Amino acid sequence: QQQHRFTRQTQCQLQNLNALQPKHRFRSEAGETEFWDQNEQQFQCAGVAFLRHKIQRKGLLLPSFTNAPMLMYIVQGEGIQGAVFPGCAETFQSPSQQSQHRSDHRQHESFPDQHQKIRQLKEGDVIALPAGVSHWIYNNGQSQLVLVALVDVGSNDNQLDENFRKFFLAGNPQEGLVRGGQRQDQSQRQSRSSRGQHQEEEEEESQSQQQESDGNNLLSGFDENLLAEVFNIDTRLARKLQNERDNRGAIIRMEHEIQSPEEAEEEQREQRSQEEEEEEDERSEEEREERRRSRGERGSGNGLEETFCTMRLKHRTDSSFADIFNPRGGRITTVNGYNLPILNALQLSAERGVLYNNAIYAPHWNINAHSIVYITRGNGRIQIVSENGEAIFDDQVQEGQVIIVPQNHAVLKKAGRQGFEWIAFKTNANAKISQLAGRVSVMRGLPLDVLANSFGISREEAMKLKHNRQEVSVFSPKRGSQQ
Amino acid sequence: QQQHRFTRQTQCQLQNLNALQPKHRFRSEAGETEFWDQNEQQFQCAGVAFLRHKIQRKGLLLPSFTNAPMLMYIVQGEGIQGAVFPGCAETFQSPSQQSQHRSDHRQHESFPDQHQKIRQLKEGDVIALPAGVSHWIYNNGQSQLVLVALVDVGSNDNQLDENFRKFFLAGNPQEGLVRGGQRQDQSQRQSRSSRGQHQEEEEEESQSQQQESDGNNLLSGFDENLLAEVFNIDTRLARKLQNERDNRGAIIRMEHEIQSPEEAEEEQREQRSQEEEEEEDERSEEEREERRRSRGERGSGNGLEETFCTMRLKHRTDSSFADIFNPRGGRITTVNGYNLPILNALQLSAERGVLYNNAIYAPHWNINAHSIVYITRGNGRIQIVSENGEAIFDDQVQEGQVIIVPQNHAVLKKAGRQGFEWIAFKTNANAKISQLAGRVSVMRGLPLDVLANSFGISREEAMKLKHNRQEVSVFSPKRGSQQ
Amino acid sequence: QQQHRFTRQTQCQLQNLNALQPKHRFRSEAGETEFWDQNEQQFQCAGVAFLRHKIQRKGLLLPSFTNAPMLMYIVQGEGIQGAVFPGCAETFQSPSQQSQHRSDHRQHESFPDQHQKIRQLKEGDVIALPAGVSHWIYNNGQSQLVLVALVDVGSNDNQLDENFRKFFLAGNPQEGLVRGGQRQDQSQRQSRSSRGQHQEEEEEESQSQQQESDGNNLLSGFDENLLAEVFNIDTRLARKLQNERDNRGAIIRMEHEIQSPEEAEEEQREQRSQEEEEEEDERSEEEREERRRSRGERGSGNGLEETFCTMRLKHRTDSSFADIFNPRGGRITTVNGYNLPILNALQLSAERGVLYNNAIYAPHWNINAHSIVYITRGNGRIQIVSENGEAIFDDQVQEGQVIIVPQNHAVLKKAGRQGFEWIAFKTNANAKISQLAGRVSVMRGLPLDVLANSFGISREEAMKLKHNRQEVSVFSPKRGSQQ
């Protein structure tokens, strides 16, 4: 609750923003991982890292945790996620075993497996994960699973420096991958070098250079005899855990498919539409939460209370969840501390935007957050204006690019002809915007005389400023509008 | 709630403090704005910026917002302030229109204007404003309106760098003004240059150098065609909003006066004393708040909940609001999170001090805050002592100077012959002091034997230390006391 | 609740940790104070300072406060502590006076002394102290009193830079001592010099060099005439308070012993076992607190509310307080925001560990904190593993050494033949660990198929990983186990 004081020598000279592509790519057996350049000035200023996983069918992103809170968005496909919170009970029986088990009660079941909760993910889901909590993701869908993630390395929950760090529990991922694309010796050099130029070309990290190393999972750093003693296993198995010669990377192919919780249930139940069930799940989870909160049980928010065991990590951004909808313009869906309470601990939130062709998202500024925007589909034009009235960004952007809108800077988005969709991650659990135009804009809140005198216009003109645009946040295009 | 860890290379070598005058001055059509030097070491260390507005009669400080929480104090005069919170309703009808409207119900009223709440300000008021929330101030009094403001650029609510940034919604203020006196190209250079010497001479910023630029309000950075589409206005009016050739600066003269809420009401009501009404307003607002809080509605405090719509931004520091009063010494009034709850979100508080001639404010240290002191009247002597027992400041100070008392450093204030008044802004919502002398001092809390042995004095002497000064915080002068 | 954004140029290159001895030693009349090197990279990265006081029988650590929250642990001996919170009542009568007083009600008592609460300390106690709150410690036991303290200079509660600063209310301690071993001119130079090499040899700070200075307590920086006026004493006594020629240092010998609260009470009461009483005290304090909390009185946590007046500062870590106990392995006791609520304000916690010979503390990582470990007894082997699977520490450690386990890094502790005991200070009020092995480990939370595929092992082997070690956190050694 207190603030910190310190002397920052460096300045965030945000005179020129860029829409960026990923810089580093790491191929794995069953997918690839791409990182945006942490040394880019806009990422440095915002104190965030950004990455994208592409997980092939039957691919498993190895269990790992990160040194900072993370907010993910499923761009495409389906999958299963499991997160392991220390001290929480193993409340799920492995579905594949369970169904078999149930169908034949008497059969000797050799491995009745229990583990912590897993959840089904699909396109449009936002998933939150606290720093230091390990998780894995498995693609059980029919197509590639693509997800993007904001890693808030500038968060107070990260007590290390602002470098991205991923700690793998198993496997032997590339060394660059655990540091977000930076090699250990590089990170210091690079951070001091000139950051002015930004390189668009993506570097392909060769996997060969790290094959000599000792294995990059957490267990590989321990003495194998100690490891054997600790797990009460033989040394041979302990050595296997260190995965020294494993070259499958961070995303491996799984032989047996993992069944999703829904599939497992379905086998047991009468057929109901899956959509319905999911909605139900979501709702019942929310209700439970609300009851908990009304009893005042929500902790003071360090984000790792026992209630985490039952806390929701996921929120949908389907059109049925939209907060703002304009049939001629598009829709905005907000995921924040109010509808996904874990975000209060993580101090992150998200905004899903869909603009139809040529529609406009009302010009506004972010009051209390940076906004890190990933374009998920289509294209559009974005203008960003700084305190001295200069456009520090004015360009067309398209699918797959990331652009950071700094706190308090004004931004305007206009969709192109194919429409424009994005996911914006914001560095505040309850990020607020203040609009410059529209029905809930700052112009409406100002007295007419103040407007007229400030702009040096007539009262009639000031009236137009306040009232000509009656839509809320998503503006339909003018007839015959051109970008 | 977690703390952050980082390696600060720089040190705050506070071996020599100075009482400072403003460094940069910007003249406008109807007033002027002065900034203290952000590059001064004590401001850098405290992570704050400081400024003073002088607004002439009928002058309007243009609508703008700042990248950090702000705490203002009205040094002189009267005015009206309006703040625009996003999502809050337009609950006020423009008073001038309203009265006209009511007096003749049937008259066709061409501009029935509605806007957000406005409030009357007067000398002695403390006003709080969150980062990113726009506001304007209009001088509706008979004399110049003078206000000073602390801008907490080191606050967690500012996610940009620690440079002051002001975003104007309208007009064309000087470029230096939006950066607190620093030109954009300067800021980087200056911050790295030697900061040892401090220049007392105030620089007058010439207005000519920025006349060529494109306009410095937020709208001027957008494409005028987009602007026209967004507001649904014609391009000619859109171009007007960019105020390119406006040279009135940040404070402009208004032709029609804005009526204060009190004036508007008076016209409708029987005459009552204005003082009474204000007191009533203040009280009813506080009561409402208390009821709200007792129902547990106060949010978890990111400071931008819906309750902001009805939250008080203003607190009086009149003698009737004093917390400590000594008829022979003076008085202290505290404005903090308890009596102005919005400060809990802003993590700032204020202390108004009035010492009569030769009186003394008990020597103390600030437990959990820096104290940024602006001398509002008179003069006095201030001593500030660091951890190694050295006076890092010992000098006469006078009206208009700013001195920063760093956290934990001991400070003693003694009024001169004309008395001594100040407003101290503190970087904590509930700043606490620990006194070295007086009835609530640390000496009282220590056992006699500890005192006697620590100082190497007798128990009788230790008794004197604990009990000879019975006043609380404001000490009356010795008879015939000299500075 | 918001996070801060800034650009840290420096990196925490934790490629090599060291178990460290103190670097600076300051001898006083009745004890000595040792500081670990603040410039060591691991202390810089963790944002903490570390010190040890050795207080001889009848020695008094002078009243002082520190610029950051502090967590202390009594390694050996007994003592009395008094902390002085501003605005709290003087609720204790000095016991020595009190008992005398009661035994002869009519006797003229010349100095009936009242002061704030004092508390008895003994080996195994953890004591919390907020930034800026002054306290003193007196050794009333039969042996030397040894205590270690973590000073969280990186805490948000410290608004100065990250240098340790101690402000003495009395006496004339060495100048280096008030800065944690650094001389003022050094601190800037040193922090910029190469920090690669770490010097094991402890420097003895000569006391002579500071004898010329003016006195290092807070009062010595004030004008003696002002001081006389402020305390309403004569100038001769005021000059005495400045302790200019005092060369007793920070720990002085007291002539009259101070009686502990328990002793004082005992004289008045029938004999009961002291243990019982203490337990009772502890319990009744906790109960009171709980009642307070259930009434919702616990403040929003800036840590200096009125409730501090009655808040507990102390928690025992005796075996009777253990949270985890394994008769063949040892025990773990946790002191955190749940059982010592003041820690919620300080954002610190502690873990007391006792391992019997050859036992193992389950390998784990700290989810949300650094862990600063001081070895209190015995010896053992510690391994610490970073994100790329390298052991950045793998060595024997022994009594008196400090080693920092960075957040998220994996750590394994194995006791030597004499057993192994430590106190770990953690930079979070509710620090959580996630274990790699044992009954509550991450392996248990992962599905069998995920484990098997990730490590490339059979399902049978994965079962062993999950279930072979059934103990919770403290593992008994294998028969015939060797380090």
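Brief remarks follow.
Lettered A, B and C in written order, each chain numbered from 1.
Rule of thumb we're sticking to: a residue touches a chain if its C-beta (ideal position, glycine included) is under 8 Å from a C-beta of that chain, and two chains touch if they have at least 3 such contacts.
Because the structure is predicted, anything quoted here is derived from the model rather than measured.
Interchain contacts join each chain to each other chain, per the touch definition above.
Simply put, chain A must spin 120° to overlay its Cα atoms on chain C, rounded in steps of 5. Centre-to-centre separation between chain B and chain C, using Cα means, comes to 38 Å. Within chain A, the positions touching two or more other chains are listed as 1-10, 12, 45-47, 156-157, 159-162, 296, 300-302, 368, 370, 427-429. On the side of chain B, the complex with chain C involves touching residues 1-13, 15, 45-47, 156-157, 159-162, 300-302, 344, 360, 362-363, 365-370, 383, 385-391, 394, 406-408, 410, 412, 414, 427-430, 432-437, 440, 442, 444-451, 453-457, 459, 461, 463-465, 468-469, 475, 477-478, 481. In the complex of the two chains, the chain A residues touching chain C come out as 1-10, 12, 44-47, 60, 62-63, 65, 67, 82, 84-88, 90, 94, 96, 111, 113-116, 118, 130-134, 136, 138, 152, 154-163, 165-171, 175, 178-179, 184, 187-188, 191-192, 213-223, 226, 229-233, 237, 240-243, 246, 252, 254-256, 258, 296, 300-305, 347, 368, 370, 427-429.
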